[in-house]
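Note that the chains are named A, B, C, D and E in the order they appear, and that numbering of residues resets to 1 at the start of each chain.
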Amino acid sequence: MLTFIAALIGLALTPVVGGLLAGVDRRVTARLQSRFGPPILQPFYDVLKLLGKAPMVVNSWQVMSAYIYVLSSALAVLLFFMQGDLLLLFFVMTIGAVFQVVGALSVPSPYAQVGAQRELLQMLAYEPLIIVVFVGISMATGSFKIADVYAMEKPLLLSMPFLFIALGYALTIKLRKSPFDISACHHAHQELVRGVLTEYSGPHLALLEIGHWFDVVLILGLCSLFWHTSIVGMVALLVVTYAAEILIDNICARMTWPWMLKNVLGVGLVLSVFNLLWLYVS
Amino acid sequence: MGLLENWINKGRLKSPWVVHFDCGSCNGCDIEVLACLTPVFDVERFGIINVGNPKHADVLLVTGTVNHRNKKVLKNIYDQMPDPKAVIAIGACGTSGGVFRECYNVVGGVDQVIPVDVYVPGCPAKPDAIIDGVVTALDVVKAKLGLGEMPKVTVID
Amino acid sequence: MSRTIIPFGPQHPVLPEPLHLKLVVEDETIVEAIPALGYVHRGLETLASIRDYNQMVYIVERVCGICSCIHAMCYCQGLETMMNVEVPSRAKYLRVIWSELHRIHSHLLWLGLFADGFGFESLFMQFWKIRERVMDINEATAGNRVVISVNVVGGVRRDLDKTQQRWILDELDKLEKELRQLMKTMLDDYTVKKRTVGVGVLTAEQAIQLGAVGPTLRGSGVAQDARQLGYAAFDELDFEPVTSPEGDSWARSKVRFMETLQSMDIVRQAISRLPDTELAAKVPGKPTGEVVCRVEQPRGELLYYLKGNGSKNMERVRIRTPTFANIPPLLAMLPGAQLADVPIAALTIDPCISCTER
Amino acid sequence: MPTHSEILNATPIAADAVVAQARSMFDQGYRLVTMSVVDLGDGNVDIFYHYDLNNEMTHFRLTHPKDKPVPSISPVYFAALLVENESRDHFNLQFDGLVLDFNRTLYLDEEITSTISAPFCKISTIQKKD
Amino acid sequence: MYMLSNVLRNIMGKYSTRLYPFETRPAYEGFRGKLVNNIHDCIFCKSCQIKCPSQCITVDPKEGKWDCDPFACVYCSVCVDACPTHCLSMENQHRKPAPSKFVVSLQGTPRKSKKADKSAEKPAEAAAPEA
């Protein structure tokens, strides 16, 4: 019961953390580009404003998809905080991602359609990586339970450094950052306007934005599993990871999906398999 | 409820997402609008993002004269924007038609087709003037929400 | 596979230009591209019949804001030939300086937009940041950032004094240093090359047959530049057309990058040789006759056909802008490309739709 | 010596020779710079064909009645497509064999095509509002 | 990867944003900003009206009125060059945006009065905002 209440509190705090993270991200990105940048609280202003806009509904599927996306993302975060099963968490997360695609496919806009197709390809790229990472964790701990990870004495990073890099690929895709911002991205200067998000507006866009914050926190939470032994180490790992993501975003051009599939699946899977073999041998 | 309302209003004033529509401009004002987004002027300080999608936007920046073909597009974009919204007409062409008022294919300023909240004069309007225009538009929005007074028209100062 | 028609533009965040292309797409491969124009058509050339030939200078400047100075220059040179006016040599050099400053800012603008086209936001920001130096030069010397209105029939309206000349040289040095820092990123970066090399290929033969001009033509290895014709003071300045033989998007971006550096060199040369004469010659009489005049815009060769009938209004002002000539090559480049490459290929002709449609 | 601006010195050409001329220019490697149309006011238009080879220009002048179709050179030079459609918009000229005919809608919408027969011809140029 | 040094230099150094409107940079001397007419010196010769490429100036010599539509003006300063008495000039500040359009309408003394009643000469400034 106590874990459940703690998890609920964690769930409530997640959007706050996610929003602040997005704000810091935008500020740092601006500074990297020699700009002054928006206030740190900017993402909250954006979401509040979107909540206050008049809703424009294209069809009910789209709205339903938005709700399911947010709910499943929140549920995944809740499962994470309850230190539940990694595989269950993975499936819940996938449901959210699938419904994001369903929402985009349900509208007639060609931008959303192409965006949905690309989102599917992105899922094809990052989901095997996440699964392999989970397999690695289960090989190291003996089970798919997050609780068992916390029971370990040594940080996972020491035994699975290459899987962490593979998770980094997934993180870049999930964060919608260059070079993988091909289906939707936050700065909208792209060939698909905002891809899967094109046809959403007002409160529903705000929902998707909040869902995205959940996703980011969840993936960062998975990253944090790699150094669970000390809070300082965990925070340092996350800060370094996120800073690297922002840097990569600013020094890369956007790539195309064939390149993404080749690169992510090729390099990512080779790295992971190598790491799995290493785990198996030791 | 009052608190949430307050927050939403604050969000409205702090996060005006713009969509820029080039409505037959000579590119002079367009590149100045783009220049506003770039490091030297950086309107993201005010929470402004160029979203490129009318469904996400709160403010419509229109540059250039309206002609018979793009007036439908302009109207369409305006209709796609969810309320509350504001329109800023930029440059001599956007406000009145400028030098092209008398051309055969020109309808005139943006206000011939959609209601305009702020007029930014200049040919082309400087980025400074465009920033002033957005600030004035926010004042107009504020006045419409009942939170402040309409900005005054200063003819000679 | 399923065929869909994806509208590209007219209002599109990558391209702040109302270029509308109907893209017939199979999966994500382009089968056909059909242009739809007319979103910026104003009918500017007809204004010649109600405005006098001096006022038309300011109207042709507004054909296109980005290359305004060069439009006015071309129009003025045409009229000067028609009316047999000898332009003072200082005015010729000043025209070179301002037109090359326009070329620098236009190319920097394009390089930024191009970077944005392949999703490289920070590079876009860098190019636009350093571009502000040129805008400041324009604002300080000519009185406006974009449409500088310095040309009149017979000469120029503004002068550059010694302090301004020194300041321009200083700013250009800083600009060049900053620009050279970006050279490797633009031309050698792995991700950038991955997106630009081999996209939108145009062979030299195709380029000539389709009537390509400017960097689009020179990017296919044809060394043709209207500045070689020696208008204004270009006959007294040293420069060679920049070419690159590959004919793809990368080659065109390289040509523009190198031309930016070349233009800085031309401005330096022009400032060092600036003669001391009057700024404008008297223009007697009214224009009569027919003249064809060409100059090199940032986007390519610009042609004016002017016909005067002895009254203060021109009989006909016909403007053939470079983008107008570069659209057929674009249409030939697109089929076979991926949807993600369309903005890149479309951007490499540096489309200026307000020029095209006037 | 090529010049940047020249008093126009165009070779007159007959309507039936236009396409053959274009073909021969194409084979010699000339680039079609553009075409210019001027309304002469007496029911005829002057159509100029500007060609370029290594920065040297060659011009041809076709004087043609406004209401008769002009042979199109767009099958030879694809680039002539836009300029011929533009002339069709502005002068209501008909072109024979245009590869992609926008039928007066390249630039103009119905509002204009129905009220102005040819905006660039003398009779309808001056469009003063009230 | 070549961009790395550049972005790191950016984050180490100061941002290059001019914090307009909180900090304003002094305007350049020759900037063509707001058009002003010193109506005392205006002789209502109509030179500006004739030369203006945008036809935004209307001069009524009989009434002594000088009207300019600042929203049609293209700030080319042709009128300033054409003015014989140099009563027209351009400030180096841009004209501020406004929520409604108006015409700058200046009332001076018609030319025929010469210098007879200089004391009575008081320029009235009137604004007529359109809808």
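Definition applied: a residue touches a chain if its C-beta (ideal position, glycine included) is under 8 Å from a C-beta of that chain, and two chains touch if they have at least 3 such contacts.
If you're wondering where the values come from, they're calculated on a predicted model, not measured in any experiment.
Enquirer: Going by the stated contact rule, which chains contact subunit A and subunit C alike?
Expert: B, E
Enquirer: So which chain is the furthest away from subunit D, centre to centre on CA atoms?
Expert: Max centre-to-centre separation from subunit D belongs to A.
Enquirer: Taking each chain's centre as the mean of its C-alpha atoms, which one ends up farthest from the centre of subunit C?
Expert: The chain farthest from subunit C, judged by C-alpha centres, is A.
Enquirer: For the pairs C-E and B-D, output the one whose chains share more C-beta pairs in contact.
Expert: Taking the two pairs in turn, the one with more contacts turns out to be C-E.
Enquirer: Report the inter-centroid distance (CA atoms only) between subunit C and subunit D in whole Å.
Expert: 24
Enquirer: Taking the mean of the CA coordinates per chain, how far is subunit A from subunit D in Å?
Expert: 58
Enquirer: Counting in whole Å, what is the centre-to-centre distance of subunit D and subunit E, each centre being its mean C-alpha position?
Expert: 42
Enquirer: How many angstrom lie between the centres of subunit B and subunit E, each centre taken as the mean Cα position?
Expert: 22
Enquirer: For subunit D, give me the residues that contact two or more of the other chains.
Expert: Answer for subunit D, listing residues that touch two or more other chains: 107-109, 119, 125, 127-128.
Enquirer: Could you list which residues of subunit E touch at least two other chains?
Expert: Expected reply: 1-3, 7, 15-17, 19, 53-54, 74-76.
Enquirer: Would you pick out the residues of subunit B that each touch at least 2 other chains?
Expert: Residues 38-40, 42, 45, 50-53, 69, 98-99, 101-105, 123, 126 of subunit B touch two or more partner chains.
Enquirer: If you go through all the chains, which pairs of them touch?
Expert: Here the touching chain pairs work out to A-B, A-C, A-E, B-C, B-D, B-E, C-D, C-E.
Enquirer: Over in the complex, which subunit B residues touch subunit A? Could you list them?
Expert: Listed in rising order, the residues are 7-12, 14-15, 17, 38-39, 42, 44-47, 49-53, 55-56, 58, 80, 82-84.
Enquirer: Show which residues of subunit B lie in contact with subunit D when the two form their complex.
Expert: So the residues of subunit B in touch with subunit D come to 68-69, 101-105, 108.
Enquirer: Can you name the residues of subunit B that touch subunit E in the complex?
Expert: 39-42, 45, 88, 92, 95-99, 101-102, 109, 111, 117-123, 125-129, 131-133, 135-136, 140, 150-151, 153-157
Enquirer: Contact residues on subunit A for subunit C in the complex?
Expert: For this pair, the touching residues of subunit A are 29, 32-35, 110-111, 113-114, 117, 178-179, 181-182, 185, 187-191, 193, 250-257, 259.
Enquirer: Applying the document's contact rule, which stretches of subunit E touch subunit C when the two form their complex?
Expert: 1-3, 5-7, 16, 28-32, 51-54, 74-78, 81
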